[in-house]
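Letters are used for the chains, namely A, B, C, D, E and F, taken in the order the chains are written, and counting of residues starts over at 1 for each.
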Amino acid sequence: MRIRVVTPIVTRGLRDAGDLRAFEGPGCRIEHELIDHGPASIECAADEALAAPAVMAAALRAEREGVDALLIDCFGDPGLDAARECVRIPVIGPGEVSLHAAAMLGRHIALISVLESVRPLLMHLVLRYGLSERLAAMRMVEMPVLDLQHGMSRLQQAMAAQAVAAVREDGADVVVLGCTGFHGCAECVQTALQAEGLDVPVVDPIPLSMRWTQALVAGGLRHSKRAWPTPSPKPVAGLGGLFDGWR
Amino acid sequence: MRIRVVTPIVTRGLRDAGDLRAFEGPGCRIEHELIDHGPASIECAADEALAAPAVMAAALRAEREGVDALLIDCFGDPGLDAARECVRIPVIGPGEVSLHAAAMLGRHIALISVLESVRPLLMHLVLRYGLSERLAAMRMVEMPVLDLQHGMSRLQQAMAAQAVAAVREDGADVVVLGCTGFHGCAECVQTALQAEGLDVPVVDPIPLSMRWTQALVAGGLRHSKRAWPTPSPKPVAGLGGLFDGWR
Amino acid sequence: MRIRVVTPIVTRGLRDAGDLRAFEGPGCRIEHELIDHGPASIECAADEALAAPAVMAAALRAEREGVDALLIDCFGDPGLDAARECVRIPVIGPGEVSLHAAAMLGRHIALISVLESVRPLLMHLVLRYGLSERLAAMRMVEMPVLDLQHGMSRLQQAMAAQAVAAVREDGADVVVLGCTGFHGCAECVQTALQAEGLDVPVVDPIPLSMRWTQALVAGGLRHSKRAWPTPSPKPVAGLGGLFDGWR
Amino acid sequence: MRIRVVTPIVTRGLRDAGDLRAFEGPGCRIEHELIDHGPASIECAADEALAAPAVMAAALRAEREGVDALLIDCFGDPGLDAARECVRIPVIGPGEVSLHAAAMLGRHIALISVLESVRPLLMHLVLRYGLSERLAAMRMVEMPVLDLQHGMSRLQQAMAAQAVAAVREDGADVVVLGCTGFHGCAECVQTALQAEGLDVPVVDPIPLSMRWTQALVAGGLRHSKRAWPTPSPKPVAGLGGLFDGWR
Amino acid sequence: MRIRVVTPIVTRGLRDAGDLRAFEGPGCRIEHELIDHGPASIECAADEALAAPAVMAAALRAEREGVDALLIDCFGDPGLDAARECVRIPVIGPGEVSLHAAAMLGRHIALISVLESVRPLLMHLVLRYGLSERLAAMRMVEMPVLDLQHGMSRLQQAMAAQAVAAVREDGADVVVLGCTGFHGCAECVQTALQAEGLDVPVVDPIPLSMRWTQALVAGGLRHSKRAWPTPSPKPVAGLGGLFDGWR
Amino acid sequence: MRIRVVTPIVTRGLRDAGDLRAFEGPGCRIEHELIDHGPASIECAADEALAAPAVMAAALRAEREGVDALLIDCFGDPGLDAARECVRIPVIGPGEVSLHAAAMLGRHIALISVLESVRPLLMHLVLRYGLSERLAAMRMVEMPVLDLQHGMSRLQQAMAAQAVAAVREDGADVVVLGCTGFHGCAECVQTALQAEGLDVPVVDPIPLSMRWTQALVAGGLRHSKRAWPTPSPKPVAGLGGLFDGWR
C-alpha cells in the first residue's frame, strides 16, 4: 500500500516528512511532496483557490504513478472535489475526516484554528459536510501558519486556553485541531483539558486521516464516481503548464 | 489490542465468529459474544429496547475484563448511548460509522435493509446522526433477519436489485448495507452495480466499523465523557439480575 | 374511560397517586402503578434503557386489561416508541405533549430540568420531536430526582430563579417544567415570573398530558399503526421473565 | 367555561352551530358567530387578509364579554397572531392544533384540503409552525368551500381517494383534514382507509381543537404575552368602523 | 415607467415624497400615496393585519391605472402575498429585497429596527424568506415609529450604537435598517462603523428596493402567477367598502 | 460607471460582446474580457478550480484600472469568494443573483442547465446561498457548453421542454436558466411556458446580474470586507506568473 501526502503550499520546511513516516508499517509506504504552483501558506479563500490546481495535478500524477491514495495536508481540503473528479484512487481531506470523526466522538464540536481569516472557510467546510448543527465553537489562536513552528510553546498555550474556553463557555465536548500545522499538539491540549477536569477527546487531523486512508485502502473503498464524475477531455491553457498534455 | 464484538440477540448461529477473526492480526485479538437477555433478532423499536440493557451489561463487563473497545453487531446501534455512559472504553455502533463513512464516499446515500418495520428506526438513526439531508433512498429486501442465512442467493439478488434502483431512480451515489446480517454481500452488490455501469461504492458495516475501531484504539481516541457522562450509583431492580452489584 | 399512569422507576413514595386522582371525574378513572424491573430514578440514557422494557410490558398489560390509554410518568418518554409498537391503545409521553403544547403557547421554549446529565436526553427529545428551532434555553436546578421531595422549598426557589433567567437572559417566552417530579411547582414558578413582570405561561407536564390523553380518548384518536407497526411474534429471553409468554 | 367559535366568513349557513353544541357539557357553553366584514369564503392569502381584521375585532369583543377562549373556525388560522396580541384569553387556531397533534399521532403527515390555491397558505402554515420536515403529502379535492355542502358524497369520495393515495404513494401515516368545512368527514375517510388495510388516524380539526381549547381553559393556560405583546394604543382609520373606540 | 409607492399607514407627514422623487429619471416616474383604512403606524402583527386590506386595494387600483409596479413602503411587507395574488404587475416588499441583498453583501446579517414588539414580525419575515441561518443579530433602537422624525439625532446615535454592537458582539458583517422610516440614516450608520474600523455595508431599504423595482420593470420580470394565483371572484362585505365592486 | 465582465474561459467566440453592450447607457460603460489561464469551458468542479486563479487576477486588475464592478460571466460563480477577498469593488456572481431573485419572484425554483456533471456544482451553489429549501427541480438539456452556439434551435427546444416539465411534474413556479451561455433564450422558454398556460417568470442570469450590478454601484453598496477580509501579503509561486508582483 502506497499513500502519498501532498502539502499544498510552496514553502519548504513546514512539514516534517519524518512525522508522516511514523505511520508506515509492513505493507504501507508513506510518500510526501510539496506543490510548485501555489501560495506560501493557506489562510483564506484566495489561498485555497491558488492551491487547488496543483492539488488536482498532484492527484493525476499520483494515480499515474500507481499510488493507492492521496491525502491533502491542509484542514481546508483545498481542491478536494476537483481532485476526486480527476482520479479514481481515494483522495482524502483531513477536514472532512476530522469533522465526521468528531461528530462520532462527541456531540458538540469545537474547532481551534489559526486566524480569523480562516473562519469563513471553516464555516463553509462545516456547512458543506452537513455538520453545522454540531459545531459549538470556533476559536482562533491568532498566529499565522508560517509562524507556527517558531512559536511552539506560545502556540500550545494558546490552543490549550482556547480549548478549555470552548468546553467551559461554549459547551463543546470534543475538540478538533483545525489546521494540519497543529500536528503534534493534541497531547498537550488534552493534558491541559484534563488538568481542568475536562474529559474531552482531541482530534489531531493528520494521524486520524492517515488511519482512515489506510482503512479505506484496506477495505477497497473509494469515492463514488457517480458523485464525482470524471471530466470529459478539454484544453487547459496557461497556469505554468501545470496541465500540459492532460486533457 | 483486544476488540470485543457483541451481537445483541439471543439466537445462536447467525453470526459466524470466523468472519470476525479475519480482522485479527499481530497485536489485535477479536472476541465475540451473544447476549442472554433480549430478543431473537432486531427488527423494530421494541426489539431494540429489549436488547439495550444487555448491551450496557456487555460494555461494563468488557471494560472490567480489560477489553480495549466494544463493537455492537447491529446496524441500529441499540444501547449505544447507554453503554457509552457506563464505560470509558470506546463503544462503536456500525450504523453511525457506516453513515458517516458513506457521507464521505458519496453525496446521496442509499440504505438497503431488511423489513419495512425497521424504516422508522433507520430514519431516526439518520436524524440523530444529523445526516437526513444526505439520505436519498431507503429500500428493503423484505426478508426477516432470521431468514437471511437460509436464502442467501435470493437475498443477494434482492439487494442488488434495490441498490440498482436506488441509484437509477432515487439518485443515490453510495450504497450502505443497512443490517450487519448482510455481512459478505457487498461484493455481489458491487458487481451488480458495475454490470449496470454504475461506479458506486458499497459500504459493508462490519468490516468498516472494525477498521474504524482499530484506528480509534491505535490513535488513543475514545468518546467524550462530557457528552456521555458516567451515571451516579443507584439501585437497579429485576431484569434477571443483569445489573446485580453494578450500582 | 380508564387511564393508567405508569411511573417507570422502582422507588416507592415519589409519586403521590392522590395527585393523579384529581383528574378523575364522572366517566374517567385514573389508575397508577410503578415498575418492578428498572432503575431507582431516571437521569441519563442508561436509566432510560433500563426502564424501557418494563414500560413495554406495562403497555401490553394495560391493553390486555382493557385500559383505554397509558401515560408514561417521566418527561424523557422512555420506551415510548417501543410501547406504541406493542399496543393499539394510545401511549402518551409527557415530554412530547408538553413540548408541542409549549410550541403553541409561545415562540421560544425554556426547559427547566434536574441535572446536567439529562441535558443530552432532553436535547435528543427536542430534536426527535422536530422542535430544536424553538428551544431557547435549557437550565438545570442541579438536584437529583430522589431529593426533590425532601427539598421542596429549595427546589421551587431554584426553578423560579432559572425560569426568570431563561426569560430575561435567553429570550424564552414559555417555560416547561422538564421533569414529571416537578408536578405541583408550576404555580410557584408562575408567581415568581409575574413578580418580575414576566407574563409567561408555565407548562406542568402531568396535568397537561393527562388532559391531552382524555381528549384523545374522547375523540377516539390513537397513534398510527403504520408509523408504529406491531412487531411480529419472536422469542424474548431473560430479563427476569418480563416478557414470558408474550411473543 | 364559555368558549366562542368565530367562523371568519360572511356567508351564512355553512357552519351548523348544532355541530358545535355537541361539545357542550356541564360547565361548558359553546357560542358561535360569523363575521360581518370579510370574504365569502377563505381560499387564498387575499381572503385571509380580508378576514383578519374581523377576527381581531371578534377577539376583543369576546374578551370584553367574559368569554374564556376564542376558537377560529378556519384551518388557515387567519388573524391568529394579530388576535393573540390584542387579548389575554386563549385564541386557538385549528391548523396549529391539528398539525401538532398529527405530529404526535404519526410520523409523516398528509394534509387533504380544498383547492390548489390554498397550497401556498398551508405550506406557509406548516413552515411557521416548524413542522415542514413532517409533511409527507398535501393533496386537494379540487372543490370550492362554498360547494362543500352541496356535494357531500362526491366530497367524501374525493377525500377518501386522496387519503388512500397519500398513504400508499406519498408515505403518509396520519391524515389531517385541512379545512374546517370538512367537519364530519373523518369517519368516512377512516373507513375508506381501513377498507384498504391502512390503520391510520384521521384528524378532524374542529373536534380536536375544541377539546384542546377546553383542556387549556381547564388547566389555566394561555398564550405568552411576551411572545404576543399587547399593542400600545394608536388610531385606526376606516375599515367600516370595525375598530372605532378601540385604541 | 411608472412606479407607485404606497405607505401603508394613515398618518400624514411621515414619508417625505420628495425623498422618493430622487429616484425619478428620464423614463421613470415615481408616485406616492398613503392609505385611508388602517393603522397610524406599523409596529406589531395587529397593525399589519389592519394595513393589509388597503395594500391589496392599492395594488388593484395601481394595476387598473396603468402603473408598472407597486412598492410597499414598510419593512414588514404587510399584505405582500395578498396583493401579489390580486394583480399581475410586480408588488415589491422592501423587507424581502433588503434581506436577500444583505445575504449577497455579507455572510451574517444584523437587523436594526424600532421596538421589541416588531421582533416576532421580523423573525417571521426572515423565516418566511428562508434566511434564518444568515441572521446574526436583531437589535432595536426602542423608539416608536411616530417619534422617529422628531428625534432624528437621538435615533441616529442609537442606530449607530446598535450597529457597532451587532458587528462587534454578535458577529454580524452586514447591517440592514429594518424600518423604512429609517430612510436617510444609512450614511450616518456607515460613518459610525468606519470610525470603529468596521468595513461593513449598510442597506437602506427604500433606495435599494426602488432600484430593484426599476431593474425588474426594465427586465420585464414579474412575480409568478403560479405561486400567487389570481383569486376567483367572490363577494367581500364591509371593510368600509374598500372592495366594493371588486369581485 | 464602468462595469467589466470577465468570461472565465479561454475559448474565444462564445460570448458576443455586443450582447453585453446592450446594457450600456449614458454614464455606464460595459467592458468585456476572456481569461488566458484556465479551461476551455466550465462544466465540473475541476474546470472551476482551473478558472478561479484567473478570476482573482482579473478582479485585481479591474480594481487597479479603476473599474467600478466586476461581473463573472459563469453561473457557477467560480472564484467569487477568492476575488471578493482580493478587492473592494463589488464582484458579482450571476448564480448568486439569479437564485436570490428567483426566490423573490416565485416559491419553488427550477434550474435548467447544461450537463449532469454540473449538478453537484449547482447543488453546492444552492446550499451555499442557503436556498436549498426553495429548489424544486434541476434539469439538464444534456448539451456541452461548447456546442450551445451551433445547436441553438435544438437547445431552445430542449430548454423549453425541461422548463415545462419542471413546472408540471416537479411543482416549480419560477425558472432560472442555469448557464450564462443560455443568454438570449429566456423569451423562447417563456413563450413555450405560456403556450402551455403556465404563467411563470424566466430568469436570464446575465441581464439580471447586469442590472443588479448597476443598482449596487448606483447605491454605493459593496461586499462586506469583514466577511471577505483582504489577505495579508504572501508569495505565490508558478501558475504562469499570473500573480507575479501581487503579494
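Just so it is clear, a residue touches a chain if its C-beta (ideal position, glycine included) is under 8 Å from a C-beta of that chain, and two chains touch if they have at least 3 such contacts.
Predicted, not measured: the structure shown is a model, and the values here were computed from it.
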What's the call on chain D versus chain E, same or different interface residues, using the half cut on shared numbers? same
Angle of the C-alpha superposing rotation, chain A to chain B, to the nearest 5 degrees: 180
Report the inter-chain centroid distance for chain C and chain D in whole angstrom, where each centroid is the mean of the CA atoms. 28
Just give me the whole-number Å value for how far the CA centre of chain A lies from that of chain E. 45
What is the distance in Å between the mean C-alpha positions of chain A and chain D? 53
Going through chain F residue by residue, note those that touch at least 2 other chains and give them in order. 107, 120, 133, 227
Within the complex, chain D is touched by chain E residues 10, 36-41, 43-50, 52-54, 56, 79, 81-83, 85-86, 116-117, 120, 124, 127-128, 144, 227-229, 231-232, 234-243
Counting only contacts in the complex, chain A reaches chain B at residues 96-97, 100-101, 103-108, 129-131, 133-134, 167, 173-174, 198-201, 203, 207-208, 211-212, 214-215, 218-219, 221-227
